[in-house]
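Submitted below is the structure of interest, expressed as structure tokens.
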């Protein structure tokens, strides 16, 4: 676990996947930059590799993460994503093992160690509680507990799932942060997940497919803050 | 075959793989920029994805290519390299099917079509004459005829191999350009390959592992020009 | 191209994929054995790897092929399918590069050479005319020209596609046989494809999902013979 | 965890990988069959898929396992290894996640569930203690604790590693059995590992590359029994 950056909850991950890139991505990143400061909510953005440098240069508050990287060392490996190159481009973290980019156990283990080594926050996806517990042994900074069957359905994780995954992960390593994913379509969904006790949540299609992505982003980050304050003010 | 850019021979490809990145890569790219103009030789650079934007911004003459990309359309696909994102970052081309990043036949065929569609020059690697002929049916802009067993050995392709691969590829599609790769360690090797009739060659370790990479780059590009002029002046 | 066995047209490929196995597969294989002799039509069966030995032992006329194999030599490689082991189990051939098991260009090229070396007929799938032409350079025994978009649709390839793919492949290597695949649901479809000039066709779901697979098998092999005789008797 | 078969310790795994197949494999399997009975040691054999049926038919005591299988259900999936087909061929178990056949976390989790469902003992490889602990959450029957760097070196795991991996795995699930792998070259190595407290060990190259594989097999199984009796008689 990389200790150089501690992402203070609440936080929110926006995953552009292969939807937004270039100028369109930059516009969204700038809106995220504003929302992050306005609502005091940390925002993780995972753009295409090719956008990392520019977004890192042109934003101040958002946390730029790579969508994936490989474990290889400096040297050969054409077509790879080198950890040192990700870091040098300005990323502060990396997502690993998303259901659309699955990794072998040994490779995931090695890549988390590489993230620690070069100084990148690691956020690792799991799609069952068992997998979240397994991954906890590799000590990533953050685990995304995201039941695969919900991805893109607009149906968020329920309170019981949130409580159980969080407890199961923290039992193995209490320092790991948990992001509750999948099924976030609007501000109300975000509110419900944070209100149910999550420290963090996130979305791809909720923002990417919204008629006005920047407005939806603002709505969601606002919802994070509102729910968080209700849970934590007392 | 993308017709928007025609790379005039002689040209030379420098493949940093996962050796150089960030500031070190930028330094090399600037040296390539100078050498390209000084010797009137086109230079293709294939940096890490994360360096494409910056190099495209900070160079004028070198041709920035991605090391690889996927065929997926805009949308889902976390961890992928989207053709539109590669183009938007400032790349003018893409390398495909390197021995360290092999592609299936169907995926290669589709990805070349995507390169054509978004406007990227495609440079595709083959490691036998048969494979070069097979790939010629997919009409990439450039084929790298690079016998795998020579990669990194410091032993360049011989004249017979150069003549035969070029003829075999041109017979299927005379518009495809041929880059003769593998085994280039110094200016003399470059000279020999161009003198033997090649339009283009390139290197990774010849420059990446040289004590002074920028000096070696200059030596090699100079050798391209010298050999080319000797072959073509009469 | 392995010259030890020449499959005389007309022939027909039945692909059980992961539908049939064990006793159920054996029953189908025995029905195929009878139909092959009854109609004088060669039948290729591609069972699960685990069924090759038993089917080879318990049938006389059908040609048992592996669904896939790897190019590795005897030695390490846990979880691989070794060419020598496929041959030793009694298979006479191997299918390669099916859309559900895509292979890289270099690996396909090597694996066809391994098939030649150990004495296995190679039947390689292509999903566009370009890919069929590319593959023809590797000299497999048979190419399956199977437009991917038709797989499982019940819509067979048309006469123009059949004529063009056959001509394109034969132009590169006239010894390669062509099997016209995809979209075969019943005897009428089989009749149409052979009547349109094909030497061979085949099916998976047409038989695997039929209410009575053995009856459908008989109907289809009968149709091969009927159409073939109509085309070739004059 | 499949409960239908309980492999009583001590036991020993022989991994022919792609070294032995067909008649040669059958000869070794018969020698294993004799040694298993003679020394009252359970022997797991993981032959090529194509040899499973024949070995299951022609042996009585050895436990035939597949080298790998996929998680897919009955249906499509050409080139796959279907769990139901493995079971129907006579295998009693399956090896998963060997370093030469790595699996993604989600796929491994699913495939262990499929093994449970069809009735196959699962033996899963891990190459670090962390990975062994991670995998323990998926409840396989057996975990192979095999430090990757030792595979094929002739240097066995030491007592401390054996004690720690066993304790770490049992803490997560005490029902999981642990096989201590890697680096077994002869009877003395086997003796040392069992004497150090292991319930099981195994080899590939120790037997496959021995001048007389059947004699080495006998030597190793004898060593299992001798060491086991010394540890357990008091």
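Letters A, B, C and D mark the chains as written, and numbering starts fresh at 1 in each.
One rule holds in what follows: contacts are C-beta pairs under 8 Å (C-beta built on N, C-alpha and C of every residue); 3 or more make two chains touch, one makes a residue touch a chain.
Keep in mind that this is a model prediction, so the values were computed, not measured.
The chains touching subunit C as well as subunit D do not exist; no chain touches both. Seen from the Cα centre of subunit D, the chain whose own Cα centre is farthest off is B.
Distance between subunit A and subunit C, defined via averaged C-alpha coordinates, is recorded as 46 Å.
Subunit B has its Cα centroid 35 Å from the Cα centroid of subunit A.
Separation between the centroids of subunit A and subunit D, computed from CA atoms only, is 38 Å. Looking at subunit B, one finds that none of its residues touch two or more other chains. Two chains count as a pair here when they touch; such pairs are A-B, A-D, B-C, C-D. For subunit A in complex with subunit B, the touching residues are 15, 17-19, 21-23, 46, 48-54, 66-68, 72-82, 84-86, 88-89, 91, 95, 98, 100-101, 204. Residue ranges on subunit C touching subunit B, taken from their complex, read 97, 99, 102-109, 126-128, 130-131, 133-135, 137-138, 148.
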